[in-house]
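See below for the structure under consideration.
As written, the chain order gives the labels A, B, C, D, E and F, with residue 1 at the start of each chain.
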Amino acid sequence: MPRVYVTRHLHFSAAHRLHCDQLNDQQNQTVYGLCNNPLGHGHNYELEVTVVGEPDPVTGMVIDLKKLKDIVEKELISKVDHKHLNHEVAFMRGLVPTAENIVVAFWQILKDKFEPCRLYELKLYETPRNMAVYRGE
Amino acid sequence: MPRVYVTRHLHFSAAHRLHCDQLNDQQNQTVYGLCNNPLGHGHNYELEVTVVGEPDPVTGMVIDLKKLKDIVEKELISKVDHKHLNHEVAFMRGLVPTAENIVVAFWQILKDKFEPCRLYELKLYETPRNMAVYRGE
Amino acid sequence: MPRVYVTRHLHFSAAHRLHCDQLNDQQNQTVYGLCNNPLGHGHNYELEVTVVGEPDPVTGMVIDLKKLKDIVEKELISKVDHKHLNHEVAFMRGLVPTAENIVVAFWQILKDKFEPCRLYELKLYETPRNMAVYRGE
Amino acid sequence: MPRVYVTRHLHFSAAHRLHCDQLNDQQNQTVYGLCNNPLGHGHNYELEVTVVGEPDPVTGMVIDLKKLKDIVEKELISKVDHKHLNHEVAFMRGLVPTAENIVVAFWQILKDKFEPCRLYELKLYETPRNMAVYRGE
Amino acid sequence: MPRVYVTRHLHFSAAHRLHCDQLNDQQNQTVYGLCNNPLGHGHNYELEVTVVGEPDPVTGMVIDLKKLKDIVEKELISKVDHKHLNHEVAFMRGLVPTAENIVVAFWQILKDKFEPCRLYELKLYETPRNMAVYRGE
Amino acid sequence: MPRVYVTRHLHFSAAHRLHCDQLNDQQNQTVYGLCNNPLGHGHNYELEVTVVGEPDPVTGMVIDLKKLKDIVEKELISKVDHKHLNHEVAFMRGLVPTAENIVVAFWQILKDKFEPCRLYELKLYETPRNMAVYRGE
């Protein structure tokens, strides 16, 4: 049976501030620059969720992408959309909200939600020019 | 010698209906929802064809992308562009035209057409938000 | 008071066939080419709805774009998404579904729905390369 | 002499909260919904600055777009990029930072900066799906 | 009868150098900066051709966009694609190939080619961030 | 520790000509077609640089993408932007500037510049429709 990767794009808008409590103010400023601005800034995040599996021999689908979208919106997007990622997202408590940390945290939320398919990759665009990818490695 | 991946984007517009003869009407409606609408709907499909090989030491090309484009248009695009995928495409007869089934069927058509290069990946966007990828696995 | 234009992008997927009952088969083939294929083909249509007005001095909004989106989805998108435009859309009965005719028909549906704002422009992409614009002129 | 419109795209990331002091909490929630979230959210704003004029008969340019970019970055982008629009932007003090109010406020900053060319239009994308346009009318 | 605007996107790749014979080397360097580099550089130009007219009451088309594309490719694109705009394009002889001058020169080529429709606007992207628009004014 | 891929998009505009000194004029014309035009043509190249590593447990970053951008602009972009790739780029001397050869040459420049992170992939768009990818294999 062929293995096919299917991807759904989703998006959310959120505020964040790059600031690490283990660093002092001067260090935070040096490490994060403009992104350390105390009142935060924000992004239109674009998220691509890729699942891999064998198309069902009857339905021809690896997974119903409408259902995948509903799951991701319920389990993830509803918790981060129009939120401040430093202060309002329980599963990110204590994490500096870099794209790298966000995409790994999202993986923990989503990794078991698509069985019997397997979550293959999360791609997170912070801007159209910057992105982070995690594959559970 | 380095191995380089080269990709060409192509596109076609087609109608399809998600409907499986092995399911009854109620089941088809449940599985496919709006996509089961009897008169069909359609998409602007975007196809990315990726071939892998070593650049020729003289020409500097893995494959002439103009030739690759001509091959894909002759062997594939001409058979699906402005067609109804359920009724007018011989090599898809009997297949539910999900993105997953389409991309696997396209692979069969294209897999031997670029020798001595190897077809590496087909990426098919059904919409800008949904896509399926097949690598011949 | 300043006049500001606000735009919301929406999308739908539909099948259509370019065929005119006033022309014979040969003429239809000559005029519409591949688009006259009897079983139809389809597109991912992108629609940009632009409304013009003065921002409310209290709320700072010309119109709530969330409400605008809900209105367009209820009055228009729900009637064309995943449909065959030649056969299943009452307000397009008897019209050849060219982008030009579609965008004018959409205008009739939407023109009075955003008062006291004024509908300024509808832009309809049939593909990323072709579009039609109507401003009620 | 021909009149030509030239446009430069720029971008910035910022946080904002839609909240009006003239409304009570319940009203703010009703009017702005998720966008009223107290800790704010944010966007990757895309700004298109269009200037109109006659190409200089010697240089062939309406305006040096590199200079236009430098002016907009110095006068505007540096004041809003990676900022919280409700709290850190002097020229927006007291304004609800809707796309409509932002684009009109930006116009005041930029309108006299490109003489002898004339600022023709500012187009502000709050997200890839929502935008506001102001032409100084 | 409604007036509808229809647009077709086309593209070409070309080299150019911004250099004015009426200026000395130092002046050219000051005015054009990097773009004055003697050996030239190049762009993927994107061109949007917009024509306005009334949809034909029988065919529903303002103009056959396939024919419009063929005309623009024959009359214009074939003369500039994969060319050096300073040296190989007869109708641009003596013009500094700024986006402004190019778009006005293109207008002269295309303005009478779509009758009885009227050419409304040419939009030329030199890069995804810079563009020039001409409407024959 | 998780392994995360981070990507930064950059761009440059350049002229090039596909021509191989080992081939005669007729052969060059046959192999490269329009791209062999003696005076060259050009492109807006888009480059995606992907680096892989473990996010720093304190800063949450695999690499500071601002620093990555500065390195790529200093070491690479400044040497190719607004240049003629056949004549003005020392590290490409003697190479036919196909996308394949360019992306491999870029790899040599960048491969050791991001330690302790590892350069994972370079993706080079010659046009929005054609690209080449190299992973150092």
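One rule holds for everything that comes next: contacts are C-beta pairs under 8 Å (C-beta built on N, C-alpha and C of every residue); 3 or more make two chains touch, one makes a residue touch a chain.
Computed from a prediction, not measured in an experiment: that's the story for all the values here.
K.L.:
Touching chain B and chain F alike: which chains?
P.N.:
Common neighbours, chain B/chain F: A.
K.L.:
If you apply the touch rule, which chains end up adjacent to both chain A and chain E?
P.N.:
Touching chain A and chain E alike, sorted by label: D, F.
K.L.:
Rotating chain C so that its CA atoms sit on those of chain E: what angle is that, to a multiple of 5 degrees?
P.N.:
Here the rotation carrying chain C onto chain E measures out at 120 degrees.
K.L.:
By mean C-alpha position, what chain is farthest away from chain B?
P.N.:
Following the centroid criterion, the farthest chain would be D.
K.L.:
With over half of the numbers shared counting as same, classify the chain E/chain F interface as same or different.
P.N.:
Chain E vs chain F: same; shared/all numbers exceeds half.
K.L.:
If you average the CA atoms of chain A and of chain D, how many Å lie between those two points?
P.N.:
28
K.L.:
What is the distance in Å between the mean C-alpha positions of chain B and chain E?
P.N.:
The computed centroid separation for chain B versus chain E comes out at 33 Å.
K.L.:
For chain C and chain F, let me know how many angstrom lie between their CA-based centres, rounded off.
P.N.:
Each chain reduced to its C-alpha mean, chain C and chain F end up 41 Å apart.
K.L.:
Among the residues of chain B, which ones contact at least 2 other chains?
P.N.:
128
K.L.:
Touching pairs of chains, which are they?
P.N.:
Pairs satisfying the touch definition: A-B, A-D, A-F, B-C, B-F, C-D, C-E, D-E, E-F.
K.L.:
Please name which positions on chain C make contact with chain E in the complex.
P.N.:
That would be residues 18, 20, 22-23, 31-33, 95-101, 103-104, 107, 128-137 of chain C.
K.L.:
Help me check something: in the complex, which residues belonging to chain F touch chain A?
P.N.:
2-9, 50, 55, 58-62, 64-66
K.L.:
Residue numbers of chain A touching chain D in their complex, please.
P.N.:
11, 13-16, 34-35, 37, 39-44, 81-84, 87-88, 127-128
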